[in-house]
Amino acid sequence: MFEAKVFINQREGGEYYLLGLRVSENLAKKFLPGQFLKIRVSSTLDPLFPRPFTIHAIEGSKLYLLYRVVGKGTQILSKILPEEELKILGPLGKPFPEIKEPYIICAGGAGIAGFGYLLQKTSHLPLKIFYGVRTKEELVRVNFYEKFHVSLTLVTEDGSYGTKGLVTEALEEELENKFKKYKPCLLACGPLPMLKSVLKVAKKYQLKTFLVLETFLACGTGFCRGCVIPLRKGGYTHLCIEGPTFLAEELDLERVFS
Amino acid sequence: MKEFFLNLGNLKLNTPLMLSSGTWGWGENLSKFLSLAEIKYSIGALVTKGVSLEPKEGNPPPRIAETPCGLINSIGLENPGIKEFKAKYLPPIKLYEIPVIVNLFGEKIEDFVGLAEELKEEVSGIELNISCPNVEKGGILFSDNPKLVKDLVREVRKIWNSFLAVKLSPVGPVFEVAKSCERAESDALVVANTYPALTVLSFKPLKILKGGLSGPAIKPLTLRLVWELSQRVGLPIIGCGGIITGKDALEYLICGAKAVQIGTANLINPKSVAEIMEELEKLLKTYGLSY
Amino acid sequence: MKEFFLNLGNLKLNTPLMLSSGTWGWGENLSKFLSLAEIKYSIGALVTKGVSLEPKEGNPPPRIAETPCGLINSIGLENPGIKEFKAKYLPPIKLYEIPVIVNLFGEKIEDFVGLAEELKEEVSGIELNISCPNVEKGGILFSDNPKLVKDLVREVRKIWNSFLAVKLSPVGPVFEVAKSCERAESDALVVANTYPALTVLSFKPLKILKGGLSGPAIKPLTLRLVWELSQRVGLPIIGCGGIITGKDALEYLICGAKAVQIGTANLINPKSVAEIMEELEKLLKTYGLSY
Amino acid sequence: MFEAKVFINQREGGEYYLLGLRVSENLAKKFLPGQFLKIRVSSTLDPLFPRPFTIHAIEGSKLYLLYRVVGKGTQILSKILPEEELKILGPLGKPFPEIKEPYIICAGGAGIAGFGYLLQKTSHLPLKIFYGVRTKEELVRVNFYEKFHVSLTLVTEDGSYGTKGLVTEALEEELENKFKKYKPCLLACGPLPMLKSVLKVAKKYQLKTFLVLETFLACGTGFCRGCVIPLRKGGYTHLCIEGPTFLAEELDLERVFS
């Protein structure tokens, strides 16, 4: 694992935090969009395992992560101050696939994190980004995303900002109105129920879809074989080395979502 | 640690640290995280993930969960089967030029014998995982029946001359099983495998994970076993359970182990073994100890 | 938790939480840290520290050490003996007006019978600690011999009509011992006592502590035992091992325990039981559960 | 346990830190010199047990502790910042005994901590205080102690400040020179080897001696029976409820120091 110095760790809104880590330029260059790193959040034995986070953005030797506080690991992380050193390991996992077709991004909550770095690096920008959360305060880093001049639809479940409803409802409406013929690809990241709805929409319009999945990771390095995702053809693939992004049609979706 | 040199049966170790079964994948990614120099400097032997005669796809998810200072796993012995293992996975592992010990499991004694046959002349040693059910005896675990273990080791020993270790389960009649291994001329005991455990993943709907507990939580338990066994059994003991630091490794060595295996630590940090080796050397110097 | 009401034999509990043996002293200081209201609200029964016929001064120091998420203790069953216990320690404990269960241990079956005789009409129940050596059988632990346990429970049962629980050791032939308790008409099983463990206190000079491991580290192990036993044995199970929060308690209840005991948590924070009760009630509401 | 807000947690020198906790005035009033509290240093399960610290000083509702970083618990404690809340439990243990006779205090390292509050509260000040450490930087809170106008002899093992040598050597010299006839009591707190030397000196001059002992505590409340100290008359006493201060002659000193 490498030492990385925290230079920023601030609340962006809701339970979302932006963490900035300074690493060697060499290391920073190794990360591709969609890859992740794991962070040892404490020097004690509880929590025992480093927690995985996708790269949100990179500027020179500065890595940015966007994370949501959900449990004890992220709680501890949120209290770490600038100048402290953290142990990290990465890059881990496979980058987002190269999508040749026009595509739409659909993100729920912390699922938005990894697409920042994609926008920074790709020469093939998405047609649109749908970004949904529960309520206004949770819409974070919007200024950052707006810089890329990609059409960005903000959705809140309670209607406190932008379009009211579920992000997948907004996606479906857009597809119905504008993309019936073009058949863009979908690239989606968010909680399981959201991904499930994305797949319903994708099926309706017969769209090729990539899902960014999550699961508890012990190693993140392929060592433990714990992070299996059931495949349609039978057997399993391992999220931490073959994912986290998968072509939906290759997965045994019923078992993924059970 | 240039001075270290340990003979276990006809296995020679240059360091007292091994990577334990199932905690470094199939070796594909090892050199991605450890330099060749680090591997050579720190690892005395590599113990592969468990291999069976036929391929096994392993258990459905969820397979792993964190518990207080521990990990529960229920991988289900996912493996490509001995044929593909030999063809595809073993050759790259052997390139590290470190003794390779293959962890074996089967459903009956003949399975183990068959596996050993396949590995003759191929590797430095085998490690028998007896924490698995015997189908011929109604599914009782090998490790629950000392007589069965004796028969198992005897049969495998007949055709296997180089290093043969038995990896004990920490539950059941551990001392009787250890004695059986001694009588049947095992070269060493690996003490021990994971502990049967359960964790609740969700209340509603109720989701639980049953599996084996590893990591720091079990260190005091396995350390006790190593201590007691080393006083009652003549075989060299390889300690394994919750070693995260060089201090942990030294504790095992001081409590009667001749060598140790590192498991869960590899999952926390793939460079663990190199760091443990460095710390161990420092501690030995600090305390003026050797062994 | 006004609705809770559990009959275990002829013991009636108003809450599913008990304080476990040896983890709240002799009660002298309980009311210093918990108000009477908190005690009544949260504690279903008090299980005393282990009492023997004769006084025992216990083991020399060191008696305790912290391990990863756990505690090793080797108190050595320090106690004033049944006579002084009854005269001096029991009366103040009874003033809490909560069922009192006395934890008993002895070196032979007659010791247990003698202890039970002394307590007739005095308390709500007894809990037999079988994790102790039987001197008549060459020092083998009661808990290692299911037949011995059956005899023990039968003999005590003859003279003891009210609540009688056996506190199992988590190691050895646990399932057979549990069956023995069932056959011998124990009212409940307490699952379980601490796990044999060892920790190194210093390298030079070598100092170790052997004792029983408790605390969060063992929770996945004992939870597994509770789960398996509740499916194979007819007796009500009282879960005990590593409960620190209301969530932990609920895990036990959902995995088959009818009630639970709180041990190490009392040592971390003497108000634990009240906090656990509050959390448990909230969780039951959140998940719409009851039992 | 009670919540207490940290208002200061600063390094004083060497590995010594001063921690200030704000509690209710009511609670603060309950503490007597020589008593201790325990602090939960982390909300996670490692370290599992709260760590015990003697009261160093009290001002109104402000409790002060003086601690040395020796392991993981104190390391974590040393990183806690003002405004954070800590869970504490106390007062625990028995206060220093009321010494009627003239007495001398002998403290090594962190052993000095508890005597601050004694000086603040007592109407019967000690004749002298001997305070020894390894090296200059570790002499902490000297200004504070000087305020009480008690003769204070500072001793460093390496002679970098004050008297060179062991604190017990300075004590012995003083006794030899000045107190041969008066026979003051001794009240000593520090590492075991120091206490051992104090006892040798006490024996030589036949002085009544009180020792403040330490041991790992699980509960600190008398619940676990883990903290036993062997008694001369046989059997054990429990440090957390009957101590930490004991009359030396009542202890089985050979076993205490083995």
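As written, the chains take the letters A, B, C and D, and residue 1 is the first residue of each chain.
Convention: contacts are C-beta pairs under 8 Å (C-beta built on N, C-alpha and C of every residue); 3 or more make two chains touch, one makes a residue touch a chain.
All figures in this text were calculated on a predicted structure; none of them were measured in a lab.
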item	value
Chain pair with the higher count of C-beta pairs in contact (A-C, C-D)	C-D
Inter-centroid spacing, chain C versus chain B (mean Cα positions, whole Å)	35
Whole-Å gap separating chain A and chain D, where each centre is the average of the chain's CA atoms	52
Centroid distance [mean C-alpha coordinates] between chain C and chain A, Å	47
For chain A, residues contacting two or more additional chains	45-47
Touching two or more other chains - residue numbers and ranges from chain B	68-70, 215-216
Graph class of chain-chain contacts, one of line, ring, star, complete, other	complete
Residues of chain B that touch chain D when the two form their complex	68-69
Of all residues in chain B, those that touch chain C in their complex	67-70, 72, 171, 195-200, 203-204, 206, 208, 210, 213, 215-221, 223-224, 227, 242, 250-251, 254-255, 283, 287-289
List of chain A residues in touch with chain C within their complex	45-46
Chain D contact footprint on chain A (complex, rising order)	42-47, 72, 75-76, 81
Touch list for chain A against partner chain B, complex	1, 40, 45-50, 87, 89, 215-216, 218-219, 221-230, 234-236, 241, 255
